[in-house]
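Note that chain A is present in both complexes that follow, paired respectively with chain B and with chain C.
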Partner chain A sequence: MIRVVRRRLAVAVPVLFATSIGMFLLGAASPIDPAMQYAGAAAFSMSEENLQQIRDNWGVDDPLPVQYLRWLGNLVQGDLGWSTSRHQAVTEVIADRAGWTLLLIGITLAVVLTGSLLAGTLAAHRRGGLFDRGVRAAAYAVESMPVFWLALGAIAVFALALGWFPAGGLTGVRATSTSFPDVAHHLVLPVTVLAISQAPWFVLFVRDAVAESLREDHVLAARARGLAGRTVLFGHALRTALLPFLTLVGTHLPELVGGSVLVETVFSLPGLGAVSVQAALGGDFPLLAAITLVTTAVVLTANLLTDLAYTAADPRVRIDG
Partner chain B sequence: MAETAVTTTTPGRAGLFRRPRFRAGTPVAALVLGVAVGAALLVPMIAPLDQSAVALGRAALPPSLPHPGGTDDLGRDVLHRSIYGLRVSLLVGVVAALAATVIGGVVGSLAGLLGGWVDRVLMRVVDTISALPHLLLGIFIVAMLRPGLGAVILSIGLTHWLSTARIVRSELLSLRTRPFIDAAIAGGAGRTRVLTRHLLPHVLPKIALATTLMIPHAVWHETSLSFLGLGLPPHLASLGNMINDGQRSLLTGAWWASIVPGAVIVVVTLAIAALAARGRDHLDPRVRAELNL
Partner chain C sequence: MLRLLGTVAVILLALTACSVPAGTGSTSAGRTFVVATSGEPDTLNPILGYGSDGASLIFDGLVARDAGNTLVPALAAELPAVSADGRTVTAKLRTGATFHDGRPLTAADVVFTYTAVLDPAVDSTLRSDLDMLTAVTAPDPSTVVFTLKYAYAPFLQRLTLGIVPAAALRDQDVNRAAFNRAPIGTGPYRVTSWTPGDRLVLAANESWWGGRPANSGVIVAFVADDNGRAQRARAGEFDAVELAPRLATAFPGFSVHKVPTADYRGVMLPMNHPVTGDAAIRRALDAAVDRQAMVTGVLGGAGDPAYGPVPPTSPFHVTTEPAPVDLDAAGWIAGTDGIRVRNGQRAAFALMYPATDSLRKELALAVTADARKAGIEIRPEGLTWEAIEPRMGDDALIMGWGTPYDPDFLSYKLFGSRFAGQGFFNPGGYRSAVVDRALQAGRDDADPEKRKAAYATFQRQLATDAPWVFLTYLQHTYVVRDDVAGVTPRVEAHEHDVANSLWWNIHTWTRR
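Up next, the complex of A and B:
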């Protein structure tokens, strides 16, 4: 197991490095002047000496390798830099916001997994039946709908026309603090939209995997022993299909992150998504680079953990590197 | 005897050999795509759009005969602008898909042809990069290059080449072991000849299919970026920009301003996906056709 971790890290760490170099070069090639960014509107009234002073302080005019190493050294020490779009330390921004994004993604993942395991298994139970065809048609249809469009449609129907749920935000307008029922009420629409938009891939995968495992001998044997259909379906077929499915969930996380950026923006949730967009609009390199790298590291770790869980759960599986 | 009894009574078994009945009608898909592309190409000639024209007198009109898609909060015809938006999106989509194909094709060929440690390293890199959230990466690229047409295309190209690289590599790896390649080499064909006359003709259809399937992805990426305000310039009629603009009108009840351009994306995506699925059926009958988005 330790060997697996070491081998994985041997690839992941260089790639993270390469990504950070690529990002840094892009940032360096960017036409945005960080000093002007930092000063904001004051840059227009500021003298060139003052701007130069800021540039000197930040070492913007140093050779690129020097700048890169300084940036990387700070990153490793936990200093992610100063966000020019939010005028706040990047670490603070991420600490303030990451929780809400994790909450959104976490709840969505739980909903998607439960829903898709149920729907996919039932669809596989009678392949080609009415439910199966219905699920597949719905999955293909949803898969071609941009998540932000789905979100706007949901707002139009459930927030504006029916008035069941709020159209955005995390708390009521008059609320002075966050209370659980209020937040839950506000999260219903975003979670549902994100879950539905992510569901097709999961449902179709579960359906195919369960249909496949229904053919396997031990499932057939279970049926031959006269076990109830439900026991065979969920206790044997689904259980066989479950493990490979769980590892693939890890590979789907990047999609989920992208979806959450869009959903957060539509529903104006105070997560990392909205901040990334704001940072992108303001050309805020430190914040954007930090968010991208941190997310990547989290996703890579999650992938590694699911793989390790897989090897622990299924002794037949050995992961090479 | 017992064998046949099992196969006929097990629902899982019976269902497996039945071909999936759900078929996206190929002719319908072709027609829809034809109409959409035709409109995107011809409408600008017949009815050119003034991108900056506003008519506040007829703002936020619901869909009607003169304005089938309604008008937005600045009185601009939503359907007319959607067609223009589709034109831009398809243009970006095709160019970016080609860019992604070139990058993916080169990496995949290197891995598939050279094999060995080059293959192992390249594929590990591909695996690891696919663990990056590509929308965030795309946002980063666009933000650093300043939003615009070129930045959007580059952002798509740099984040979408992984699947093509995998396809090209696995195709080349499986081709390399086929007897006809050995025969060609035994017959005295040089590297270049094997590559251009024997390998390339087999890989090209797969690449073409991958590129086609990439177009909806690219359109989506562009639309997402534009929707976030990070894509094409905001005054330009693009589907993402329109959906973004439509957000304002949504709160006043004018749902069509954002729903209509989105519906255009959905319809075109479905049509391309259905056609590509049929194309895959045709290329590789062993693989059951699935819309793979």
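Up next, the complex of A and C:
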């Protein structure tokens, strides 16, 4: 086990290197001028000399290898650089915002997993029944709705028409502190919307996998032994179906992150989503590179955890790193 | 597994159940105003460009602007004095003004602020606005002297820049100072907290030199998404909110304020294009566009027709009206498809617009349709700024600018022949000796009547040459709660966020 982790780490380092070099090459190919983006509307009334002074201060016109080595040198010392779009140290930007994004994604993931396992299993239990047909129809319908549209619809119904939940923000706009009930109340709609938008894949997958395993020999044998229907369904059929589900969760994580960007924007949550978009449009490569590196690291870790969970769940599986 | 699922479900239920709507009816909330905008500043440091036109709530300049955009003294005791040759400007400071940390304001703070803007190591976007400034000195603690390279009539208009305390920034890297996020000013409000992407909380400065603000604080909510802002406004979260015209509709308890601006949109026509280089075509186009239809159709009524770069609300404005042009007489004869041709040259050209700007796109399409009726064919092209920039000298472009404060500010660079082909200044290469002389006279001579005459000449010559077809002035639209008293709209510039929006005078706002 330790050997696996160590070997994965050895692979992760070159992957992170390659990602960061790729980021810099993309940045060099991009026509966006960070100084003009920084100046905003003032860029149109500023002299070229003024803009050039700013570029010189930042060193963005230096040759690419120079910029890359400078960035790498600072990274080794724990300095991720200066975000030109946010006027703040990159570490500060990420520290301020990553927590909220992780919270949103974490809760959503928990909701999606619980909901889809329950709904999928029940749908498979009575295939072709009313619930099954309802779940499938809903899944296809939701899959075809853009997440921002769902979000705006949810605001129109639950925030405006019914007034149950706030329409956006992290806390009440007049709140003097960040209290747990206030944040929880504000997160209900975003989490629900994000969970619903991500659920179809998982629900349909669980439904098919459970339906498949219901026909397998060991399930039929369990049933033949006279075990209770619920024990057979959750204890035998669902359990067999869980293994490939783990892989699905691992591979679907990036899509969840993508959805969270849109949800954060519509609900004006101060997470990483909005700043990533701003960094990309503003040619802010220090921030973009840091966010990409962090995301890459998260995905690599998630893959490792998935594999480890796999070995734990199925003794037949052994990984050689 | 099942037990785990059960636990998660219980926690989620608990999260939902313990949610109590945040109360807004308490008395302390009643004395705080909540405003919302999409424009979140990157920094709150005036040196780096925050609130350079004043009304920044946190800072004061030497001068400020009143409801009619007329200069009034602020940190200066009276309007600064300009020497006879126009190259020395002396400001006497007000006594008794202090920063939020209690330190008194001195001339050294003013000198530090302006010197920092001029320092090339500082990433300030305001440096080119202060091109004319050579030195700032403080002969005594209550006097500041500005020395200019050349006489610059509207120099006092540049003194609205907020003054920062030298003690808080001296010997620091201004670009990265902690001050930029937690600033100290002299203004009517001090910063309590700023959560980027969420909100800026300001508390009244009880010892403001201008008198105690009429309310206890302001919260500026940053909601970048237009629809999100509109929906939260409808949920009643804000006292005043800036919204796009199509989203700004009145609802119970709230009404719409349409505020005129100096922000115009127009078609820049390049001089060395075989079609737009011809003055008859340009004038015909100027007469052919239906500006009122654009205001009604494209802007949803939130705008005014534009005929020149000096807005009708400016004291320098003169009325010009495009006259119909006989294109047949100019040699442009309609072909079989209705498009005019002269010496084998079809009256056709490309019109670029930034693809992400839906307003400019719709204006481009409206111009295209109007031009067609006059026998001129336009091909609209939506592009990125990076693709537009290298083509600006050869192809027409929908551009937008505008400042209400002085006609010199943008027009000098936009229409002066010295700036032909320099980036976004005069990209079409317009050259007119009359315009050059008028713009220079308006800048050199401090006498208001002579300036008015100079800018009248400038506007008339521009209407004759039509290097641009001006289309519309925009209006900014806000939705405001009906119980707010003290809202005084004034003509706005293009940029309006925390500073310089409808809430420029929020320190006087109260509830009815």
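Note that the second predicted complex is superposed on the first by the 266 of 321 C-alpha atoms of A that agree within 3 Å, B and C clash if a C-alpha of one lies under 4 Å from a C-alpha of the other, contacts with A are read in each partner's own complex, and residues count from 1 in each chain.
Definition applied: contacts are C-beta pairs under 8 Å (C-beta built on N, C-alpha and C of every residue); 3 or more make two chains touch, one makes a residue touch a chain.
Treat the numbers as computed from the prediction; the structure is a model and nothing was measured.
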First, second, both or neither for A:50, with chain B first and chain C second: second
Contacts of A:265 with chain B and chain C, given as first, second, both or neither: both
Partner chain in contact with A:313 - chain B first, chain C second, else both or neither: neither
Chain B versus chain C as contact partner of A:26, first or second or both or neither: first
Chain B versus chain C as contact partner of A:64, first or second or both or neither: neither
Which superposed partner A:155 touches (first chain B, second chain C, both, neither): both
Chain B versus chain C as contact partner of A:185, first or second or both or neither: second
Which of chain B and chain C A:95 touches, first, second, both or neither: neither
On chain A, positions contacted by chain B and by chain C: 31-32, 152, 155-156, 160, 167, 265-266
Touching residues on chain C, where the partner in the complex is chain A: 1-2, 5, 8-9, 12, 15-16, 18-22, 24, 29, 32, 34, 42-43, 48-49, 120-121, 123-129, 131, 175-176, 180-181, 195-199, 219, 221-225, 227-229, 231-232, 234-235, 237-238, 384-387, 401, 409-410, 413, 422-424, 494-495
Touching residues on chain A, where the partner in the complex is chain B: 11-12, 15, 18-19, 23, 26-27, 29-32, 124-129, 132-133, 136-137, 140-141, 143-146, 148-149, 152-153, 155-156, 160, 167, 204, 211, 214-215, 219-220, 223-224, 237, 251, 253-254, 257-258, 261-262, 265-266, 276-277, 279-281, 283-285, 288-289, 291-292, 295-296, 299-300, 303, 321
List of chain B residues in touch with chain A within their complex: 6, 10-13, 15-16, 18, 20-22, 24, 124-125, 127-137, 139-146, 216, 220, 223-224, 227-230, 243, 246-247, 250-251, 253, 255, 258-259, 262, 265-266, 269-270, 273, 290-291, 293
Chain C-touching residues of chain A, taken from the complex the two chains share: 31-33, 36, 38-50, 53-54, 57-58, 82, 85-89, 93, 96-97, 110-111, 114, 117-118, 152, 155-156, 159-160, 163, 165-175, 181-182, 184-185, 187-188, 234, 265-271, 274-275
